[in-house]
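So that you can tell them apart, the chains are marked A, B, C, D and E in the order they are listed, and the count of residues begins at 1 in each.
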Amino acid sequence: MYHKTGCEGFQCEDQTLGADLAGVRDEQTVVDRLVAWLRQRSLFVLAYGTGCGAIEIRPLMTSRYDAERFGIIGAATPRQADVLVISGYLAIKTLKRVIRSYEQMQEPKYVIALGSCTINGGMYWDSYNTVKQVDHYLPVDLFVNGCMPRPEALIEGFVALQKRIADGEKGGWLRYRENLDWYKANQRRVLGANMLPDDTSAWLQVGGQA
Amino acid sequence: MRLFLRVLSLMVVVTPAVTWFAWDGALVWPLFGGATLSFDVTPLASFFLLLLAMGAPLAALPMLRKEEPDWQLALFALLVLGMQGLLLAQDLVGFFIGWEIMTWSSWLLIVRSPRTDAGTAASYILFNLSAAFLLLAGLLGVYSLTGSFAIQALVDLTLAQGLVLVLLFGAAFLIKIGTLPLHLWIPRSYDQAPEPVTVVLSALVSKMGVYGLLLMLILFPEMPGRWFGDWLNGPLSGYGLAWIGVITSIVATFKAIAQDDMKRLLAYSSIGQLGYVTTAIGVGGALGISGALYHALVHTLVSLLLFISFAGIIAQTGQRRFNDLGELIYRMPISFFGVLIGIIALAGMPPLPGFASKFLIFVALIEAQWILLFAAVILSSAAAFLYCYKLIYAPFLGQANSPEARVAREAPWPYLIPQIILMGMLVGLGMFPGMGTALADPVLAALGLAPLDGPSLGTLATPYGGYDGVTLMLVFGIAFALVTALFYMLRGQLRRAGSRQDLSFAGEVPTPDQPLHYGAGMGRELRRIPLIGWILARSSSGFFSGLAERVERLAEHSSRLYPSQPWRWVQSFVVVFAVLLTWGLVRGGGL
Amino acid sequence: MDQILLQSPLLTPTPIWLIALPLLVAFLSPLWGRARWPLLFGVHLGLFALALWLLAGVQDGPLIETLVIAPPLGIHLHADAVSLLLVALLTFAVALVAAFLWQGARAPHWQSRQAFVLIMLLSAGCNGMLLTGDLFNLYVFIEIAGVSAYLLSALRRDAAALEAGLKYLIIGAVSAVFILFATVLTYITTGTLNLAAIGMAFADIPAAMQILIGLLLLVGLGIKAELFPFNVWVPEIYRGSDPEASALFSGVVVKAFLFVLFNLVFLILADPAVVGRWLMILGGVTMVIAELTALRQRDLRRMLAYSSLGQVGLITLALGFAETTVVAGGLFHLVNHTLAKLLLFMVAALMLSRASSGHLDALTGIARRLPLAAGLFVLGSLSMLGLPPLAGFMSKLWIMAGFAEAGVFWPIALILLGALLEAAYFFRWIALFYRPVPAPRLASDPVGLPTASSAVTWPLLVLAVLLIGFGLAPVLLEPALNLAAEVLLDRSGAIEAVMGVRP
Amino acid sequence: MLDALDTPGVHHALYAVGSMALFSIGLYGLLTRRHLLKIFMSLAIMEMAVYLLFIGLTTQPGRTAPILSDGLVEFAGTADPVPQALTLTALVIALAVLALGVSMSIRYHQLTGTTDVETMSALKDP
Amino acid sequence: MRALIDVPLMLLVTYTMGFFMYGFYRQFMARIQNRRGPPIWQNLYDNLKFFSKSETLSHGPMFFLGPMIMMAGAVTTVLFIPMLKDTAWLQGFSASGNLILVMFLMVVGPLGNALAVGASGNPFGVMGVTRGLTRLMGLEVPFFLGLALIMVQYETVSISAIMAAQPTLAEWTLVTNPLIFLVVLLPFIASLNASPFDVVGAPVEVYSGPRVEFGGRLLGILMTQNMMLSMAKYVLVVALFMGGASNLLELFVKVFVLFMLTASISAVFPRLRTEQAVDFFWRIPLGLGVVAVILTLWI
């Protein structure tokens, strides 16, 4: 992405946040709006429990924080999920699985990354086997900062995401499509011989329309 | 010569159809001692003759392939002749002759298969001959009572006479039907017989046992009522028979679920389905009998369809275990639809006719108020869903699990034509469920029961209510079409998965050589359910193999009676002579 | 009748030719050269025709042919409906064996003149046994048949054949001693050897002596008629002999002895029912034990031997019942067993000529080499088991229907049990024949011997056609069998025909 | 004194006892001997016993052989001719059988080098 | 002609009741767990969200047709159950069907699902199907035993006739023969795929289940048919045990009461493993059923 936009990590987020959404809103029909509203109102979460963030997801769903009241509920498999939550540092070994899970989700799909580890490596900044910047490999829609962020922060993140969805903002999955070559090159660089087969992403390359 | 043999055999194979359409007048053939064999078509025979007339030519089609040996068709023609003779016979000797021709010609068909082992060959012939000899004994019993072999109502029997005769005939027919625990010969022989032959065994030969069982209703009109008394609105003997049938079907169903070989599974399923028929006959009454006939009809069509489909698969892939197949749906689509229709009918799901026959049986049970039996039938019926699913999943769905399954091609036409015809028949019968009862009504009349007399062919009517097959089929069809159309009207696009390995697999990436097929293991965990585990851990094969071992040991002892030294021979003569002489002299009498 | 017969005894077809012709042809054997087998076949076909012709003439009463002095003092032939029926059967059987040997036997020992002479003698002896009306002549014919049988058994002249011949000879001699002893005692007590006269006088001799004679005859004839426990020798002999010879033993010799046994029982005893009952038990035991033992046999000839014993037991069971229907059925079964056993033994001969031995393993998969023979074996065994639509079924049904009519059920149970055991081993053999095996396991044709021509199968086909024919239409034989059964059971009629007075 | 013994009854009893003794000897031999020739000898002895019984019991002291020669012109005072004739026939047959047996034994001995029935085992199934 | 109005109306009623009841269920569970819970419309939102997904992955024709069969089966089932009594409206095609037919029609859906899952080639999905079929085997025995007792009691297999035979509270099957209701209740809950017998789907927690491969609009179809079929089952049980309903309001109230009962049971009992569930059905409800048979028929 860097080569196209000249930004990296949360710099890009700044850019995207600052983008003008007014034009988008005008292009939406009533049906589009309804659909967008429905999408934000019902988020099925595939919580990829990597790192310490996995422990933070659980209270989110239980009585104390009760994310269900926002229509957020867990999903068992990527096929049913709308949001992928990457909850912490990603080892290279885990990255492969995360990418696979992400590619198997059905569009529209969103990625929320938890904690500083996903932003810049965090306390694992010099580890030999973790991924430092997750958005080099997956189109993260939202980073939730902290080490680890509390469930309240997580809920805030979700609400922010819901708002962006309702506004009809261009989701990360479209970025993934547009910059597939770049994402794939990054992935290939890290994964090397363990690179995923392209059966889940090839259709994007041939210009597949979802 | 080959061509002549084939044409001749084919002509014989269509004779049941000719007989069914064009028979008029009786045929009489003299036997010794003034006895005669006579042949005619009775309503009951006519029903089963119809099954034969439909089944025989369809089953013969796969045998016409070049790959199949000549003798197969010729022996099959003989088998058809035997069954036809059995059905047409008006006397027990003719019945027995047909029965035995059927037995040994089918045995020869089985034994010439390269897969048949000695144990199977022996168990098939010994069980069937035991049945035949029990039948013969019963027939001679009837002869000693009436002085004639004619099939007629036996009245005024004493309890002992009746009991002995009923046991002899009943055991014979129950062996043929494959009732527990006398079913052991069925799975082995169905499994190991050549594929086109298994079709015949399951679809047609087993029905002859049903015919025999129904014949007993004619032979022993007093059996239900007089001998054992009543039990809950029905005869106790019928109650017993019904339980025998239902236990057979339950156990056979569980055994079927545990099989990992297609034909073996179908064999157990066949046993189970005929268990329903036995139950229905046990229930008796107009509903029970017509349910039995209807189910026999459906099972004939279904087992023809399924066995022919699987014969096609085996011919194309050379594999017969669930583990070694998979994903054939794209390579053998017509066979897939054949099996799909087959299992829907087999599982007794509406709108196909399997439901119609089961409905009749259920209503008969409710009418008789035999509720526990009803629950037991439901148990085996519901458990049958499991093996039905296994039947369609393991070969056609899932992932191809052997090189053959990956490159297989659609079965050749001799397999497909009968499948297409049978699918049409099943769907037609499902749409017009009244056709089955219309066919069964003459039999009911002949048995002295009130026919069901549906208002139209589209409805299956019973005194307890019925259903309309045409409406059902239309509603389902229209609903299906509308749902599919609406789905396409929604936004977004349907995308085909990039590869067969594109599975949600907990993030893992399965490789093509990973065993992703869940064929043979399916149903294995059922063993953990106490009842099923208990049933599956049991088998009557130990008893029979023990019996065989005892006989062998006895034979070993008796062969010691035949020494090879001359002086031993003379010794035994002298001893016997001396003993007899002493005994004779002590007795003091002359000759 | 006597007058007609005496006018031109040499030209008229009289029963004596049935015995004399084979003897004559046998003793003139040096004349025949290479035409021996056709001659053997032709002669027996002629005798068969003669027997049938005579059979047509004895519908109303037996034909008594005096040889030297008029009975009861002299020697006579007693040709009635049953003995002629059996003669017809046996000559036909020998004719078929002859045809088979003519076309099929290429081994040197069957090419020799000996074989020809021996079969002729065997045939003469058996016919004599069936026809004679004199106890001592019976002994003589038994010995003629016996000696030729011993030699036929040892014809192959290797160790196994000689062993079989020697054992057969020993046991035959023992049997002969017993029969001779009985003959002697009979003469001493009754003063006559004419069977009819003995029949008149037997009831008057002391009870102990009756039992002694009866037991001596039972042992002597029982050995030859293969009744348990006197049949212990049979498997050995059949195993050692060539199947062609065994066919003759089982199809011809045993049948003659069975007839002799029952003819004596029915003719001599005033009340054959008691002895008949014991013979039934004996037959039943014979059948069950033999069928049981056959289960374990691993050699084709041995298996066929036990099967033969079983069938003999069944026939004994039927004939011992002394009731017309059952006896007629028993005679029918006797006919069927002869036909089927001939077929089976000839098929065995064909198979042994192609396989390395008669052992189970050697014969596995033989059907691929000999499809027709295997098919005929199936046919023969089906008839043997009594499965429709073959003749064996009809005869068994006939017997059992007779028992059922009389309300006696234990023989039915025994017969069915026996048939089931029989099925167990016959079907095992058939299954083995049809088992696919790699070709190298089959032995190649014996080197140096020309293979049998395909014409060798026509006697087998004739037998097959007969088995099917009789199975489909037992009415063809019904009148003859019923008459034969009546004649066999009609003691007073037989005695009256000879002695002129009713007993 | 011995005349008293010279009655048919005593004679017949003697013959009967003698032939039974012979018969038993033969039977004993048959049951115990294993040599082929000894078996045939035993068989011959048994047959002899039967002949002896036959001849002995059908005649009486003082009777002559039933042969019409030396001036005898009628069958008076002769023994019953039938047993004599029959015995002769039986003897011939027995001789033939015996000869056959012996020749076969020799042949068997030539082939296998044994004459012991106990070791005959070619017909046994393994 | 009436069918043209009846059919959409019946489908609408079941669908509405479906999302409403399930929305209520989520609320109810949330309150029990001391949560605020989603709005009552949440199920509708979820369902429509799935229908508006832009990508739907298919594993081949059969994978696609399976949910269609399932939906068609659910629609047919709904249309063969009479909703009201004493009126000609909302009867659907129930005159052409009967109780046994309806019970078997309910299995058509799972069959379609099973075919689709099989076609996906995912072994986890097939494991789920096997579990489902196993549970079906367990629950159908006591369920049908109870239904058979009802059929014997009213001597008919027609649902309308059974409904018509219970005009007043005193004649409800629930009152005349409460034992049958006890027999049927737990299998009924299992047939709704509800806790404590919901290990088959295990909606959130277990990776393997029949729905493992479904996403997007296909999942929406599955959800819809599940809601409709469940409501059809409630309507059926109401008809059989609670005398049916004369108008939609009555129907709604009765279904709601029944729903409360089942929801309460689901809320308090822990989940059973498949084989435990089957064994349970064959011990407790079936044992009760046998007792019921003995009491009603033999005594």
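Keep this in mind: a residue touches a chain if its C-beta (ideal position, glycine included) is under 8 Å from a C-beta of that chain, and two chains touch if they have at least 3 such contacts.
Keep in mind that what you see is a predicted model, and the values were worked out from it rather than measured.
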**Q.** If a chain touches chain A and chain E alike, it appears here
**A.** B
Q | Set of chains whose contacts include both chain C and chain B | A | D
**Q.** Chain pair with the higher count of C-beta pairs in contact (B-D, A-B)
**A.** A-B
**Q.** Chain centre separation in whole Å, for chain E relative to chain D (CA means)
**A.** 102
Q.
For chain C versus chain E, what separation do you get between their C-alpha means, in angstrom?
A. 79
Q | Inter-chain centre distance, chain A versus chain D - centres from mean C-alpha coordinates, in Å | A | 118
Q.
Roughly how far is chain B from chain E, centre to centre by C-alpha average, rounded to an integer in Å?
A. 35
Q.
Can you pull out the residues of chain A that are in contact with at least two other chains?
A. 35, 77-79, 104, 210
Q. Which residues does chain D have that touch at least 2 chains other than itself?
A. 30, 39, 117, 120, 123
Q | Interface hub residues of chain C, defined as touching at least two other chains | A | 167, 170, 174, 236
Q: For this structure, give each pair of chains that are touching.
A: A-B, A-E, B-C, B-D, B-E, C-D
Q) What does chain D use to touch chain B in their complex? A) 27, 30-32, 34, 39, 117-118, 120-121, 123-124
Q) Along chain A, where are the residues that touch chain E in the complex? A) 35, 38-39, 41-42, 44, 62-63, 66, 68-71, 73-80, 82, 104-108, 210
Q) Mind pulling up the chain C residues that touch chain B in the complex? A) 167, 170-171, 174, 202-203, 206-208, 210-212, 214-216, 218-219, 223, 228-230, 232-233, 235-236, 269, 274-275, 289, 292-296, 325, 332, 378, 382, 387-389, 393-394, 397-398, 400-401, 403-405, 407, 409, 412-413, 416, 419-421, 423-424, 427-428, 430-432, 434, 436, 473-475, 478
**Q.** Residue ranges of chain E in contact with chain A within the complex
**A.** 26, 30, 33-39, 42, 45-46, 48-49, 52-57, 202-207, 209, 211-216, 219
Q.
Could you list, by residue number, the parts of chain C that touch chain D in their complex?
A. 136, 139-140, 143, 146-147, 150-151, 154, 157-160, 162-167, 169-170, 172-174, 176-177, 180-181, 183-184, 187-188, 193, 236, 239-240, 297-299, 302
